[in-house]
Every structure is written in structure tokens, then in C-alpha cells.
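Input: structures, listed below.
Paired with subunit B in one complex and with subunit C in the other, subunit A is shared by the two complexes that follow.
Moving on, here comes the complex of A and B:
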């Protein structure tokens, strides 16, 4: 009898060790990470790549607010952004005054050209995006190339990201956006639905096709877009040759949108 | 055993009821009876039809995550063919009719996916 008990305790002890040490799991395939599809995923042949996408806006070349209109139109058309009047509007690319855009740099005796002009605003695609930190569902996330993207499928509409974003770059769909458009302007791109937050995507879907972002294309050279980590890129050259500022740099978010003033 | 006859009959009924989903699956209606119309002008889907029929929803989820999070917007199928990962621009290019394709099975299976509150159903031109 005693011999049996001894044997039992040995086996029980070994089993407990194996189960708690993770040894038991070693023999099993890691099914959780397995891919369902039998094929392979990859980038398209035309896709343009960068280590860190960034934008340089030469505001000196825009003479008035009207000069930005084609850019905004191109962006909103490409992404089926609804035109909702009032304070529940959806903003991807919009304008504001120097005082509101660069509040830390404001002084009342600035030149009228700088103080009086309008500046284009969009998601800054920060290196340290606060919106990503506060999102409870990982619906918004930073991709390997620096773009802060949204997965609307996962957005629960809590609006933490809107509270987190210091640039007001996120808009909430208070209404069904389709009610505010006659028909989607770009049938190749989805709309959003009521109850999700949306924002500029740096045109990740256009970069995948080898195109430049819609606003950059419409700006005809007045906005540069390129790889911030490539010293020979157009953005790095423009930043090296000109004085540039970013929005609210003291917050440490490291915006990816630069303004030449 | 007391009341052997009714107890045995009861057990048999219970077993049949518990396994009912399998029997319905084996001998019940199959997908063709929903009236679903597969595209006639294309030979094959991304993967083989059995896989697509059973797994299309999971494949779409995987496509979504790969495209949106990893920027892998191209899928190379088992047969080596390349596809752009896009519900609107790839799937719906062949499956042009939402009414005759998606909806048929979804309605008869009482599932209501909300793909189309954002994705745009192609206008059915003939």
C-alpha cells in the first residue's frame, strides 16, 4: 500500500510540475497564431514604402483660404466624407487661424501674412499618439510606417481618442453619414457608420496603390510627402532648407506634419 | 430496471433531439435551395468553393486585419493568383449582385452581418 502511495505522489508531483511549468504546452502546435487562409499575404507591387511617413506643408505658397479648397475637396471626395453643417461636422482636412493652430507661438505683433492666414489641419500621425494609448479596443493603432490608422470595425464610439487627441483631428459620427451625401463620391472606398470616430489616414489605401495622398496630389507641389528617415527624401530636404514648425511640440507627441511658415 | 420500455424510448428520443443539428445538416436543405446565384462569368473564387462557403466570413476578417493593420493588401492564393484585398473592389467585382448572392444565404440562415452600413454595395448594372 505504501509503495502505491509513493508512486501516486511521484506521478502527481510530476504532472503538477509539467502543467504549471508550461511543459505540457510545448508539444501542441500554436494554433492561436495560425493563419486561416491557405495562401500568403504581402504588399502590392506598386506599394510605396517608408520607415516614417511625414508631410511638409509650404504654407507660404498658399495665398488665401480658397487655395486650400481643391485639396479639401479632393480629400473629402476620395474618402466619402459627409458635409454635415454645424458643430457635428466631420473633419479630415480643414482650416483654422494661426492663433488656433499654433497657440503657443502666437503674439499679437506678428506679421499680418502669418497672423492672418489660414492653415490646413489634419491628423498629425504622431510618433507618440495619445489617441492610440487611450483606445480601449485597439481600433486605432500606429502602423510600422508611422501612420496612425483606424479600424472602424472595432470602434465602439467611446470617443476617448477624441479627448486624447490634442489637435482635434478626430470626428465622431453623430449621424448616419450617408444621409448627408447624395451618393458616395468614391464608390471604391467605404463610408463610415453612425457611432464611430473617423479621421485622416494619410491615404494609406492610395499609398498601397503607389499614389500620393489626395491632398498632396491636389496641392501640385505645395505639400511634400515622403520618408522622414530617408535623408534624401523631399521632406527631409525641405526641412533642412527651411524654418519649420509643428503643432504643440511641447506635448511630446512628435507630430508628423510640418509647416513651413 | 423499472419501466424499462418508457425509459429506453425516452433515452432514444433524447439522443435524437440532442443530435438533431447533425441530422438536419445531413438530410436537410443545402445552400443551393436558398436560390443563391454564383457568378457565371468567372471560373473560380479566391480559394476553392468549399473553403469559401464555409470560411468566407473568417477569411474576410483575416483580410481586414492583414490589410488594415499590417498593410498587407495583396493576397496570393494557393493557386498562385494575386488578389487585391478589398471587399468592395475585389469580391464585389465578380459577386456583383448583393440581392442574388450575399442576401440569399444570410436571410435563410438568419444572420445579419453589418458589412454594408459602411461598405458600398455596387449598383447593379446589367
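Moving on, here comes the complex of A and C:
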């Protein structure tokens, strides 16, 4: 073995050791470290705040399944939701019939308008979310404003939350979602990896920028979004003035999504 | 005592070689699953747990069942069990190893499994399940190894082992109770939301686990001449039949509550399991009916004392194990997820790769069991506690 090669191997070996053992990050002030300010992360100035975010969907104003299409497209585009065919699919916002959305409220003689219509489904962002209760790693957690959020990098993919959620709101990445994504992807929202669970986030990332959720924006007033704790909010006014229902209220989860029927 | 592993007849080495080959082949299936994702399984958005988790559940029961030997021996000083206790404890070790592996192969991101310990979450039942299983594994290894070592040296086991043994008895109940809580605390899954789940789990474990133990010991008896003792076998068979009666009784309680209350959510999973959907039987329905027939047939053989100790005992035990396996290893998960959250029906059937991976875990369990039992048999032979 000649001298140069030996020297190279020494340096390479030491570098590999430093990288893998974390020495490189500990001792030397890197650029990334220097940018990290001490203390905690807070909200930006633009963030819209609420004590408890809630959604009111006025299903009376949607005449057909097609009326929901722009909402679903806006949501799936904003969050890079892959389009996977079959029963291993990913759903954030989707449609189903009254019989399936409100199985406990079904009677076969209800009006054709109610029975025949399609209703949007999404994560209910429950006040008592069973998914948060069962998650063994706190990869899914409830934020102070009532939004049930996900940490895709902590999720171990055990799918206990999917067994726990009584609304079927959660999807598991059975395949690599990046292979099923429509181009171009939205660079403002992370794509997910294989083997983790995901769901609707009530657009927490858009609220942080002072924007309304993507589906609410696309619904042009047919979906209201606001603070359930504020008596003067649009959602509270709509709920006070109209008859509303929620999915499976008997389970005590207190869903944050209300439907005007 | 490890030296006992190094000597043995040719058939012993061939058996180990066979198991290693099976494990190697099944590892290929797992490698495929690891690289392409759980998409290779029959699982889907609505049926998100399947064969792996049901096998995990079943083998937690097998692990817990060791207590059916330990409890009579230590609480009631039933000395006839002393000869085969070690086999129950070592079977529990192998079963817990299988449980851990079934969880790992079920994870979407198995390399992150340590997150459960890095971010301990006391409100999650899975966190407790991990703790009780690790604890039970340690208890059985320590107790089994220490008592076997004492037997080899022909001295009494050290005094400090007694409290651990008593702890392991309570611990055994806890592992299966906590596993039942994984299911019984979930709102909206009608088939699981029942307070009797833990009791059902325990009763099914206490008949099927000792039945598996007895069947394996019959094989060992034929191969090596080791005899657990006629009276011990008879007593264990009696325990098995009591537990099986309770198990069947508990299932009938479920049927009563579901169908007399006439609440659709409670009836539909059971209806699906036995009658399928839309006038067509599901594949699992054939298994469920077979389980019913085998459960009652095994009881018919096991309840009369004459046939219980007769030549049909192995047949009855095989039927009992199959029946309990279908109930807990298939029906529990499929009935829990079907009908789904929208009261509609999404089919699930394990794929070839899924079954192959499961066989691989079974083979690893058998390997652990074979090695541990080889040590135990070697010691028993040396000290002359081998047969009557």
C-alpha cells in the first residue's frame, strides 16, 4: 500500500467516524447551527389565531358531486396528495353518500335530496381525538387551537391511529407516494414518505400565513371556518341560525366539522 | 448450560438447518416488503391491521399461558408440574420473541420503532404493551434459566427467585389484558368495544397455550423419550377443558348481547364473519364455521374423563388450537375492521408475501423454542428428571 492511499484512507475513515458519531455537529459551529436562535418557536405575525378552529359545511349549497371537485383539487394540490388507485389510496378530502357518512342517522324514507346527495369527508379535528390517545409516539397530537396535527418524521407506521379513528379519516402510505404525485408538486408543503400515516391538517400551514384552508377558499363561502369559542365568529352564527349535525356524535369525540343539511 | 446446544443427533442439526433455510427464504419476502412497502400485503385503507397483528395477539396469549403451569406449581404446590414448568417458561420466551417480530414486520417505518421508548406516551396502550412484553420476556428468561441452572446443580433455586415467580404470575395476566385493551378501548369498532374482551383473551389463551405446549411435548416425547408425567398431562388437560368451556361461554355472551339488543353495529361484524355480505359467504366464514365445529368437537372429546386421557387427546387438542386460532388469529381482526367506518364492506385477504413473512416469524419462534428446549432436555436427562 503506498503512502498516499494510506493517508487518504485515514482521513476518509476519520471523517466517516466524525460524521456518524455526530462529532462534526457537536464541536464545530456550522452554518445551520448558527442560524438556530435559542428559545422556542412561536407564531409569525401573519398567523390567524383561534381558541378552537371549527368548520361548518353548508351542504345545501352544493348541488352535485361536481360542485365539490374544485375543493378536493385545491386540497390535494396544496398538500401533494398522491393519486393512488384501488383500496390502498390516500384521502384527505373526499365524498360519500349520507348512508355512509351518517350511518347512525339513516332512515330509508328521508328526502331524495338528502339521501341522494354527496357529502364531503375529512378529519374532524375532534376535541377528544382517539387517534391522539392511541398514538404510541405522539406523532399525532392536538395543538392549542384544536387542530389535530401529524409529525410524519416521528410516525412509526403502526396504524393504531387508523384503528382508533371512528371516521376513517386517516390514510397510510402503503406505497411511495412520490411516485403517484401529479407534477408539479407544491414546494411549500412537504411530500410524505412511504410507511407513515397522513390526513387533513385543517391547513395549519395556511393559517400560519394568514390564509383560510384551501377547501374553504375554493368553496367561495359555502364552507365557513372560524373560532368555535368566539360567539361572534361566522361558524357560531351559522350554527346558531341553522340545523346542523356531526358525524357519530354518540362516541364523545366532539368533532370540529359541522354539516348543515 | 449452553454446551447442551452443541451435541445432539443428526436429526437435531437437520431440523435446525431446515428452520434456518425457511427463515432465510422468508427473509427474502420481508426484504421485498421492506423495499416496496406494505402495499405488498392485503391490507388497505379500511382494513389497516391484518395477519401480522392478529398473530401478535395470538402469541401474546401463548406467552401468557405459561402461568397455567406456574400458578398451580407455586401457589398450590402442585409438584407434578415441576418437571415441565421450564418448557412452559421457555415457550413463553419464544412466543414473546415472535410477538415482537410480528409488531416489527407490521410497522411502516420499522427503523423508527425505538420512538416508542424515546417518546414515551402513557396514554397509549401500545406503550404499556411494549413495557409489559419486555418485562415478561426478561422475567421468563431469568426465572427459567435460574431454576434450570439450580436443577442442573441439583440444589434448590435461590430464594430471590420466588418473588420474581409470583410477579411473573400476575405479569402473565397483565400482558394479555393490556393486549386486549389495544382493542377494547377503541371507540367505533363495534366488534372490539366490549368489556369482556380481556376475559375472552385470557380464557382463550389459557386453553390454547397449554394445548400447544402439550402437543409439542407429545412430539418431544416421541423424539427423545422425555415424559412430562401421566398425571401432569391429565391435570393440564383438565385445565385446558375448563378454560375452553369458559372461552366458548364468553363468546356466547357476546352473541347474546349483540343479537338480543338488536343493535346493528354489534350484530353486523358477527353476521359478516359467519354469513358474509350480500348473500355471499366471505372466505373467513368457512373458517369461522370450521372453528365452531372444531371447538365443540374438541369439547366433546375433552369433557368426558375417559376420552380426555385417551388416544384422541392429541386430536382434540389440535382441533382446539385451530378453533382458537381462527377466532383470535383471523376473526378478531377481520370482524373488527369489517364492516368498516362507513358501515360498508372492504375485503381483506392476506397475500402470499404476507403469509410467507408470517411463516418466517413462526420459524424464528420455532428455532428459539428448539434451542431453549434442547438445553432444558439436556439438563433434565443429566439429572435423571426425564421420565417416570
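In this section, the second predicted complex is superposed on the first by the 219 of 261 C-alpha atoms of A that agree within 3 Å, B and C clash if a C-alpha of one lies under 4 Å from a C-alpha of the other, contacts with A are read in each partner's own complex, and residues count from 1 in each chain.
Here is the rule we go by: a residue touches a chain if its C-beta (ideal position, glycine included) is under 8 Å from a C-beta of that chain, and two chains touch if they have at least 3 such contacts.
From a predicted model like this one, the values you see are computed outputs, not experimental measurements.
S.K.: Let's test your reading of the overlay: on subunit A, do subunit B and subunit C clash or fit side by side?
M.R.: Fit - subunit B and subunit C, as placed by superposing on subunit A, sit side by side.
S.K.: Quick one: classify A:248 as touching subunit B (first), subunit C (second), both or neither.
M.R.: A:248 contacts subunit C only, not subunit B.
S.K.: Touch check for A:158: first (subunit B), second (subunit C), both, or neither?
M.R.: A:158 sits against subunit C, while subunit B stays out of touch.
S.K.: Would you mind checking which one, subunit B or subunit C, touches more residues on subunit A?
M.R.: After superposition, C is the partner touching more of subunit A.
S.K.: Check whether A:143 is in contact with subunit B, with subunit C, with both or with neither, and answer first, second, both or neither.
M.R.: In the superposed model, A:143 contacts subunit B only, not subunit C.
S.K.: I'd like to know which partner A:88 touches here: subunit B for first, subunit C for second, both or neither.
M.R.: In the superposition, A:88 contacts subunit C only.
S.K.: If we overlay the two complexes on their shared chain A, which of subunit B and subunit C does A:190 touch? Say first, second, both or neither.
M.R.: It touches subunit B, and subunit C stays clear.
S.K.: Once the structures are superposed on A, label A:40 by its partner contacts, choosing first (subunit B), second (subunit C), both or neither.
M.R.: first
S.K.: Identify the partner contact of A:166: answer first if only subunit B is touched, second if only subunit C is, both if each is, neither if none is.
M.R.: It touches subunit C, and subunit B stays clear.
S.K.: Just to confirm the value: shortest Cα separation between subunit B and subunit C in the superposed three-chain model, in whole Å.
M.R.: 12
S.K.: Touching subunit B in one complex and subunit C in the other: list those residues of subunit A.
M.R.: Touching subunit B in the first complex and subunit C in the second, residues 193 of subunit A appear in both lists.
S.K.: Using the touch definition up top, name the residues of subunit A that touch subunit C in the complex.
M.R.: Against subunit C, subunit A makes touches at 86-89, 91, 96, 99-101, 103, 130, 132-139, 154-160, 162-168, 171-176, 193-197, 248, 251-253.
S.K.: Would you pull the subunit A residues touching subunit B in the complex into a rising list?
M.R.: That would be residues 35-45, 47, 141, 143-145, 149, 151-153, 184, 187-193, 204-205, 208 of subunit A.
S.K.: Can you list the subunit B residues touching subunit A in their complex?
M.R.: Where subunit B meets subunit A, its residues are 46-47, 51, 55, 58-59, 62-66, 68-78, 84-85, 88-89, 114, 117-120, 122-123.
S.K.: Please name which positions on subunit C make contact with subunit A in the complex.
M.R.: So the residues of subunit C touching subunit A come out as 36-39, 41, 43-46, 48-49, 103, 106-110, 112-113, 115-116, 118-119, 121, 123-127, 130, 182, 185-189, 336-337, 340-344, 346.
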